[in-house]
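These are the structures in question, set out in turn.
Consider the two complexes below, in which chain A is the common component and chain B and chain C are the respective partners.
Presenting the complex of A and B:
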């Protein structure tokens, strides 16, 4: 008797997910590549025929190159800042004997439960010319005029560091947790000082977490839309903002596709250089 | 002491993490017409304004509906794939894993653009919510897959074998052994799918049809032109609801919510 149990034809279990990912991920991603070589249209998203013009336009435009460079710069600084800020916190959270571990873990996790629009909104309240920080500084007499904290790259970086910090702390924390305390004790009993233990044992063993965190934060910062759009306003545009606007407002699909792919390709190259430089062992998840 | 310094440093970082959220909550009780600091007084007027604002209420209903659909579809498809991955996949294991996690590994903005082009190329367009729903299912799928997979990790194939030798049919074995084992993973995966879908921005932004704005989109559009604390009231309600869902799931249902 034939039944609907998964035992008879187990591949049926995978079928819906496979169809979904092929039809709505793989094919659309190939389609975006094709679109980037299409002729721009007049009043339509694109016209017949193929061209290299969209890529040529990026290479000849100082505006797009400037935005591309600025986006990469923001991504690199954000990644570096989250690493420097998050590393000590991750090491502390990874220790089993921490008293307030549950609470601390909840605080690190909490921003992930609050929508990204709300978190960016919080930063506009803090960083604006009449915002909490500037008002406080002016009232304390520390500055006469509001400091330029918003509508520039600095504001975008501050907000992005906040938004992506959990993505740096959590992978490093789980790498630290898997370090055998006996290794540290052994090193100390052999006369290694605190600095030596950190440099020679803890950091190398936490490296997979550091690499995962850096790549995650870098990729997320490059493709972030909400935070740069809300903090940067009309004055500072990152590539993701330009791309989304080019597609939704001016319907320049081939150009938008070329810009998005260019950003992703450069991002991927930087990730690979980083992985090679830090001798990363590739393992997903 | 170095340990003392590290503690102080960590507390500063925790304050930094909570600060923007606290500011939004604080601003929602401002009685003034605009977001001013220091606040002008305590008032619940912006909560009243929000509850009477049909645009926001409709956005909340849309968000809840999309999150529910994405949760159910991802829950079913993701669970099936996870069961296959753990129990049946052999050589293709790593490929399946990377494919299932791909919506998480690839930039969301690129996925959103490619889906937008695709729904237009096949003639569906954004007149219906189809593209939007597909996008939400794609983004939430990895979370169901990860959670179910990790709950199946302690699965001992001997149990199934033992049941088989005692005469249990395949269906009985699936129902009585596999299903109870993966239940916590399915529940927490679905919970994650719901929470993630509720927050998804870029995909909703690019694939929204007229009248299908989700709450994050509506809030974003509102903040472009409005500076009243009403947006803070909306945000606060959204934060409280999410935190309540997670706390209830953890304490009452005993689920462990984890992402990594």
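Presenting the complex of A and C:
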């Protein structure tokens, strides 16, 4: 459907958004790009002159490569886990005959109402060696020693899944809600049972939401700082944590910029590959 | 082909909403039946119960004598066409047609053959690889019909399938669907609130009001011999004319009316009792005042609508009468004219 164009210069309406985007996105990114090629400084953020050394350091350092790989791994596993947990929830919440829709919305959104620091702190209380989960398991006699749930990737993933679940559920839910119930009726009258309807009709039609949710959670996981910092501690560092260290602690802005760009670039490539693989021909062109 | 038998079918939503109220209907194999009635009279609910999408409160539905009330939709072998088409947006035209055949595990070669034949039938051959959103409304409609027919269902159900099309296309599709149904010979139930649609397409029209069947008959009988004011009014414009029984002679009664005597089938009412007669506007002719015969009347309004002129006239006693005529002489409002009536077109409705 075509919406009426305001006057004969509709692109003028894009101007404010374009200016905002340039000022707050393009310029900072350019700045980071330039910084990543600067010489490291002594006691200053950076020194005069330009170099490829920062990138060379990353490519020759197993530590940084390991962190990069681990960050991507955490992102992928978190995305997959939120999808597995969120999909059935979203399908239930998206049903046309859902009662208490307001309440359901509230429950899904409620984690977002509590600040991310508080939520992450909550997880440290649950996951620690003396935490609620381990105490319970030990008291029940299910384990003798506390399970390693904190200061590792598993703990980070558990907390991230909780934090980002709404970002998976909401887009899928809205995609499911927009499916015409008559389409489901049509499939059933053509001989499809409930399972077939889910597999052949609902899942493909919810794909735009699934795609959006996965990209959202993946990107958020890659750039997450607070949760990995609090739960990973000094033991496990994701790229975002290392970047912040480089910027604030060790005062190596060029290296931090290069690391940040590497992460963004690899993340963008993965998102592009994913979007391409899940492209929906019936939607585009 | 399949015979459908509906007995005392009732649907109550919640505690008290009687959407369908004990309807009984026998649809012979291969017949095209329309459910006609105003919005909210229970047409869609009836269709949904036939398809199995809605549970039955009481009563029975049988296909060829087998009760299907407990059979889920996927087991009923029904072709259904929805008002908004309900095509699968993520499948091409071919994919939409293939779906039902895949559910039936039809072998590949046979599937191709049937899809191609159906694409021909609904004239969509060149569009086989398009997605629904790349098609016009009329084309989407034909995909929906093709998808329902390709599975060679026992019964075809259509719920206001033409409501979303523009007037010209709607008339084309009426003929298209009717021809198709004749060729395939499938038992068809067609839901509509458009009386012209029901009249032109159906073997039989079932008029519904408030969840009940008011009358079921062939289209011309519904039009000429309506059982009630409501039915008469719903299937076209009508004049209600009051008269009284002048004499009864066997099966025929002679009714005295302002238009002169009318002979109609006698009901069990004696001489002198009041009767209301229905008279269609096109059963009345307008002649110039100078003709010297006919009942005097004054033109109140006249509208030109293409094929016909649409008049409202006032009789001497003030009664308003609607007249439709194909004559091209136009009488202006205020003109004195005379009305001549085809006396065979009177039909008794009910006592006044």
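In this section, the second predicted complex is superposed on the first by the 253 of 285 C-alpha atoms of A that agree within 3 Å, B and C clash if a C-alpha of one lies under 4 Å from a C-alpha of the other, contacts with A are read in each partner's own complex, and residues count from 1 in each chain.
Throughout what follows, a contact is a pair of C-beta atoms (placed from the backbone, for glycine too) under 8 Å apart; a residue touches a chain by one contact, two chains touch by 3 or more.
Everything numeric here is computed off the predicted structure, so don't read it as measured data.
K.L.:
Counting only touches as set out at the top, which of chain B and chain C does A:97 meet: first, second, both, neither?
P.N.:
So A:97 meets neither chain B nor chain C here.
K.L.:
Who contacts more of chain A, chain B or chain C?
P.N.:
Looking at chain B versus chain C, the one contacting more residues of chain A is B.
K.L.:
After lining up the shared chain so the two structures overlap, which partner does A:180 touch, if you call chain B first and chain C second: first, second, both or neither?
P.N.:
In the superposition, A:180 touches chain C alone.
K.L.:
Check whether A:230 is in contact with chain B, with chain C, with both or with neither, and answer first, second, both or neither.
P.N.:
first
K.L.:
Check whether A:193 is in contact with chain B, with chain C, with both or with neither, and answer first, second, both or neither.
P.N.:
second
K.L.:
For A:240, select first, second, both or neither according to whether it touches chain B, chain C, the two together, or no partner.
P.N.:
A:240 contacts chain B only, not chain C.
K.L.:
Contact-wise, after the overlay, does A:119 reach chain B, chain C, both or neither (first, second, both, neither)?
P.N.:
It touches chain B, and chain C stays clear.
K.L.:
Overlap of the chain B and chain C footprints on chain A, residue-wise?
P.N.:
Residues common to the chain A contacts of chain C and of chain B do not exist here, since the sets are disjoint.
K.L.:
Could you please specify the touching residues of chain A with respect to chain B in the complex?
P.N.:
Of all residues in chain A, those touching chain B are 3-8, 10-11, 13-14, 16-18, 20-21, 24-25, 27-29, 31-32, 35, 45, 85-86, 88-89, 92, 104, 107-119, 121-126, 130-132, 135-136, 159, 162, 165-166, 170-171, 174, 194, 219-220, 222-223, 225-226, 229-230, 240, 243-244, 247-248, 253, 256-257, 260-261, 264, 267, 284-285.
K.L.:
For the complex, which residues does chain B have touching chain A?
P.N.:
Against chain A, the touching part of chain B is residues 2, 6-7, 9-10, 13-14, 16-21, 23-24, 27, 35-38, 76-78, 80-81, 83-85, 87-89, 94, 96-103, 105-111, 113-118, 120-121, 134, 137-138, 141, 145-146, 169-171, 173-174, 195, 198-199, 201-202, 205-206, 215-216, 219-220, 223, 231-232, 235, 238-239, 242-243, 246, 259-260.
K.L.:
Across the complex, what residues on chain C touch chain A?
P.N.:
51-53, 72-74, 76-80, 82-84, 86-91, 99-100, 103-104, 131, 133, 147, 151
K.L.:
Under the definition above, what is the set of chain A residues touching chain C in their complex?
P.N.:
Spelled out, the residues of chain A in touch with chain C are 180, 182-183, 185-193, 196, 200-201, 204-205, 207, 280-282.
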